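One chain, subunit A, links the two complexes that follow: it is found with subunit B in the first and with subunit C in the second.
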Partner chain A sequence: MTEKYRKVAYYPGCALEGTGHAYNRSTKEVGKALGLDLVELKNWNCCGAMEVKNIDPKLQTYLSARNLSIAEEMGFDVVMAPCNGCYHNLKKAEYDLAHDGESREVVGRLSQKAGHETYEAGKVETIHALDWIKEAIGEEGLKARVKNSLQGLKIANYYGCMYTRPRHIFPEKDKGPGSESTSKPHFMDDLLAAAGAECVEYPLKTACCGGAHTLSDSDTSTKLVLNLLTTAEACGADVIATECPTCHTGLEMHQVRAEKVFGRKTKVKILYFTQLLGMALGLSARRVGVAENLSDSSDLLRARGLG
Partner chain B sequence: MTPLTPSTERGRILARLGQLIEMPADDLAAGAPLLAEELLALGEAILEDWLHAHGATPTDGGVEGFRLLALHRQGARGEPSFNACRETCRELVYYRNLIRLEPTHEDLARRVRLAAMVAHHLALFVGGKLEVAGLGTFCCSSRALRQQDTAATDMNA
Partner chain C sequence: MPIHEKSLIRPENLLTHEQLTIEGVDVSGHWSTFIQSRVVTDYNEALQDEIAALPGGEFIHRCWQCGSCTNSCTVNAINPDFNPRYWIYLIRMGLEEELLHDKDIVWQCVSCNKCTYACPRDVNPEGVMKATAHWLELKGHTATKPSMQFDEIFSEQVFATGKIEEGRVLRRFLARSGQPLLQDWLVALVRGLVRRLPVTFLMRLGLASLVRPRTRGWGRARDAIAGYVAERKAADRAALGLGPQGAKR
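So, the complex of A and B:
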């Protein structure tokens, strides 16, 4: 267990205030139930997401660095970002500042102009919600706190593409036993298995969800998502667990669209891993925001005695 | 062999993958070793399609003993977003190995079907990237892909 992860700075990012609200709610509730503290960054800004990064990558580095600077100013050396996009961008900024002089120059100049301290690489560690629970509580700690086992629930864990890519910005991964793998990530599998679930082998756990195509070519996105859904069902899954608001929303929306446009109905339910953990810890479905999901899992959850 | 035009080739591959995904379990199990090799070849054809579309000559080399992985590495040169299908390629190799190494496994038919679904994902991903001109760098982006710096020479390097 890592004591320093028990109280961390929290960077929800824009998606968790919008379509990913259920992820925000369930992450906070799980933290409370586990006795972990999250302190939201004051006056945080967009991480630079994809829009800024594509136009001006150095500006994206600055935007993410500003959030890290706020965490440092608040006295934290760890910031937790549950959104894969935010997590990726903060890690990327950390990497760029450590390895690229031009990035340091731009961040220094913009920080001075904005009137705050310039963030320097190595001061704040960025972690994902999966790291947070895995390192602060661990599987054994989680098992001891489970009140409502997920036993009998078959879950395909879907990590999406940004949690592990590109590998060089995640130097802590691929360090052997106990560390996360970039080719076959398993932290979500470990946690949900500790909560009693049966995690099925799912060969598309890091495959593209079509997020890039959502607006420009919805049919391609729908086909990619449909393949993720049907593959999960072929693996025997009742539920796909997610840990990224973009993937989650994409899976939900395109599940509906696949039926509407292609006449292909799939039954697999889509839930954030924090919602599943929350219910295993005895929280109600309402408390972890299940009603906010587009994917209606109420029948399944009732049948399993969850929520 | 002269490559088929990308759209024709993609259509053929998608149709065949669709057949395999829907094939009865007994047929999948009966033909498993050959189907595993066919799926690997279809994966290679998908990546060849990507390379041809960029004016590159697909490599005949191998990475870790597999041409599929070498083609992926070639296809990702100068195009980091293409790494979003790296693990999909590796999963296809993994399932091919599982099928070949355990030809009497009780789960054989399901393994072949899953391999076909993995290959299907690869075909959809690469097809999507090819069809939507202007999809850009790492994942969800809108920057033009075909900027001058993603010239075919990068992939032939």
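So, the complex of A and C:
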């Protein structure tokens, strides 16, 4: 349990203002219900997602460095990003600025021209929404606050690529018991289990949903997503819990596309882990934005007495 | 079969003779297949250096061909022809012609970074895939691939305003890549959404597409980025020996 995570800078990112709004809403609602404070970064910019790095990787480093410098300027030493893409890019920038002179040079030059402080590695710690709840509240703290247990709900926890790979940008992971694992992550499993859910053994936790090419190579993405969905069903899951808006939207979109284009229908529901946690904490489905998801999980939730 | 002999078993490199005698032995007919002997003279000795000069390709020289990248590859599991280890080999050997056989699939790397995770030599194979796809386009071997079109549209918006709006990225990408906006599955998706969505959320999405989200005070960052992008483009082209306009088809 970490006191310093009780009030952190919040970097929602572009997706959480658009298709991933349900994640934004549910993250804030869960924070409120748990008594945690989020202060949004002022005038943040896009992290570059998976696209800007293909134009130039150091430019992507700059975009994150600018966001980190804002957190520092606002007096925060911790920034929380719920989106895997944002989280990954902040971590990658932190790593590159600490280890690569050329990245430091480019970021310094661009920051100066743009007229803001140059961010220096080590000033601000980047955490994911999973770290935030796990460290600030913990499983025991969560258990004590559960009003509407997720008991009987079978969940496949899906973490995607950018939460764990490449390993070197996550120096705090793989530190043994208690720390997060990059090969078999478990923080989301831990939190949802504390909320009463039954987390199924899901071998594709860190498999790829094809999010980078969700539109530019749709057939590949649909095949990858279909594999994630059918495997979750084979593992007995009612729901796939997500912690990334790109993965989440990709799963939802390609679930529909798999049915329309490949004729393969799957029934498993897709919900953000914060939506599930929120409902366990007694928030309504409406409060955690279930109606804002592209996929409709209302039948299942009603049948389980949630929301 | 060693990886460098893979090309020898391509159909066009296999010969079957009606009449053939080798050292006094009649080997005519279809009882066996002969691999045409050949001497490779068209090595591109600059190939590895060119890939290494592009962002992501810097550490290709470290590769010792263990195959962990291909073994862990997401795309390889769907299409066995997508073979990072093989392409890295070809690049390091300078076998440009062989590399060009696969020029239309290299771009399909999904950047899952499983290869980067597995690589024992820190080659950064994901970066090498991007550098190679970039090289193929810069050299004019392939047209701009859909993923690069997407990257460009996305990045243009980030550079211009500091933020993106997903609807705009979607519409622009479908237009630039020549796809209809009204695809069955997209329509089905929107129908389902509209049936259930709260009005406030729809209004928010509608508003975002009209009033583009932007970062306040972005102007100077935008100019700094524009200058840097121009500088990098020129450097990449120069590294491949291309002029300012270059070999665009």
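Here, the second predicted complex is superposed on the first by the 307 of 307 C-alpha atoms of A that agree within 3 Å, B and C clash if a C-alpha of one lies under 4 Å from a C-alpha of the other, contacts with A are read in each partner's own complex, and residues count from 1 in each chain.
The working rule: contacts are C-beta pairs under 8 Å (C-beta built on N, C-alpha and C of every residue); 3 or more make two chains touch, one makes a residue touch a chain.
From a predicted model like this one, the values you see are computed outputs, not experimental measurements.
Asker: In the superposed model on subunit A, is it clash or fit for subunit B and subunit C?
Answerer: In the arrangement built by aligning on subunit A, the partners subunit C and subunit B clash.
Asker: Report for A:Leu228: first if it touches subunit B alone, second if subunit C alone, otherwise both or neither.
Answerer: So A:Leu228 only meets subunit B here.
Asker: Have a look at where A:Pro171 lands relative to subunit B and subunit C in the superposition and call it first, second, both or neither.
Answerer: Neither partner.
Asker: Going by the contact rule set out at the top, does A:Cys14 touch subunit B (first), subunit C (second), both, or neither?
Answerer: second
Asker: Where does A:Lys113 make contact in the superposed view: on subunit B (first), on subunit C (second), on both, or on neither?
Answerer: After superposing on A, A:Lys113 lies in contact with subunit C but is clear of subunit B.
Asker: Which partner does A:Pro203 reach: the first (subunit B), the second (subunit C), both, or neither?
Answerer: first
Asker: Is the number of subunit A residues in contact higher for subunit B or for subunit C?
Answerer: Touched residues of subunit A are more numerous for C.
Asker: Between subunit B (first) and subunit C (second), which, if any, makes contact with A:Val261: first, second, both or neither?
Answerer: In the superposition, A:Val261 touches subunit C alone.
Asker: Would you sort A:Met253 into first (subunit B), second (subunit C), both or neither based on which partner it touches?
Answerer: second
Asker: If you stack the two complexes on chain A, which partner ends up touching A:Gly122: first (subunit B), second (subunit C), both, or neither?
Answerer: In the superposition, A:Gly122 touches no partner, neither subunit B nor subunit C.
Asker: When the two structures are overlaid on chain A, which partner does A:Asn45 contact: first (subunit B), second (subunit C), both, or neither?
Answerer: second
Asker: Just one of 26-34, 62-70, 170-178 or 224-232 in subunit C runs into subunit B once the structures are overlaid; which is it?
Answerer: For subunit C, the clashing option is 62-70.
Asker: In the superposed view, which residues of subunit A touch subunit B and also subunit C?
Answerer: Touching subunit B in the first complex and subunit C in the second, residues 50-51, 53-55, 161-162, 165-166, 207-208, 210-213, 216-217, 220-221, 223-224 of subunit A appear in both lists.
Asker: Which of the residues in subunit A come into contact with subunit B in the complex?
Answerer: Listed in rising order, the residues of subunit A that touch subunit B are 50-51, 53-55, 85, 161-162, 165-166, 183-184, 203-204, 206-208, 210-214, 216-217, 220-221, 223-224, 227-228, 230-231, 234-235, 246.
Asker: Residue numbers of subunit C touching subunit A in their complex, please.
Answerer: 55-56, 74-75, 78, 108, 110-114, 116-117, 127, 130, 134, 145-152, 154-155, 158, 162-167, 170, 173-174, 177, 184-185, 188-189, 192-193, 196-198, 201, 204-205, 208, 213, 215-218, 220-221, 223-225, 227-229, 232
Asker: Okay, in this complex, where on subunit A does subunit C touch?
Answerer: For subunit A paired with subunit C, touching residues are 14-15, 17-19, 21, 43-46, 48-59, 62-63, 66, 106, 109-110, 113-116, 161-162, 164-167, 182, 207-208, 210-213, 215-217, 220-221, 223-224, 252-253, 256-257, 259-261, 286, 291-292, 294-296, 298.
Asker: Hey, which residues of subunit B end up touching subunit A in the complex?
Answerer: Of all residues in subunit B, those touching subunit A are 21, 80-81, 83-85, 87-88, 90-91, 94-95, 110, 113-114, 117-118, 120-121, 124-125, 127-128, 131-132, 134-143.
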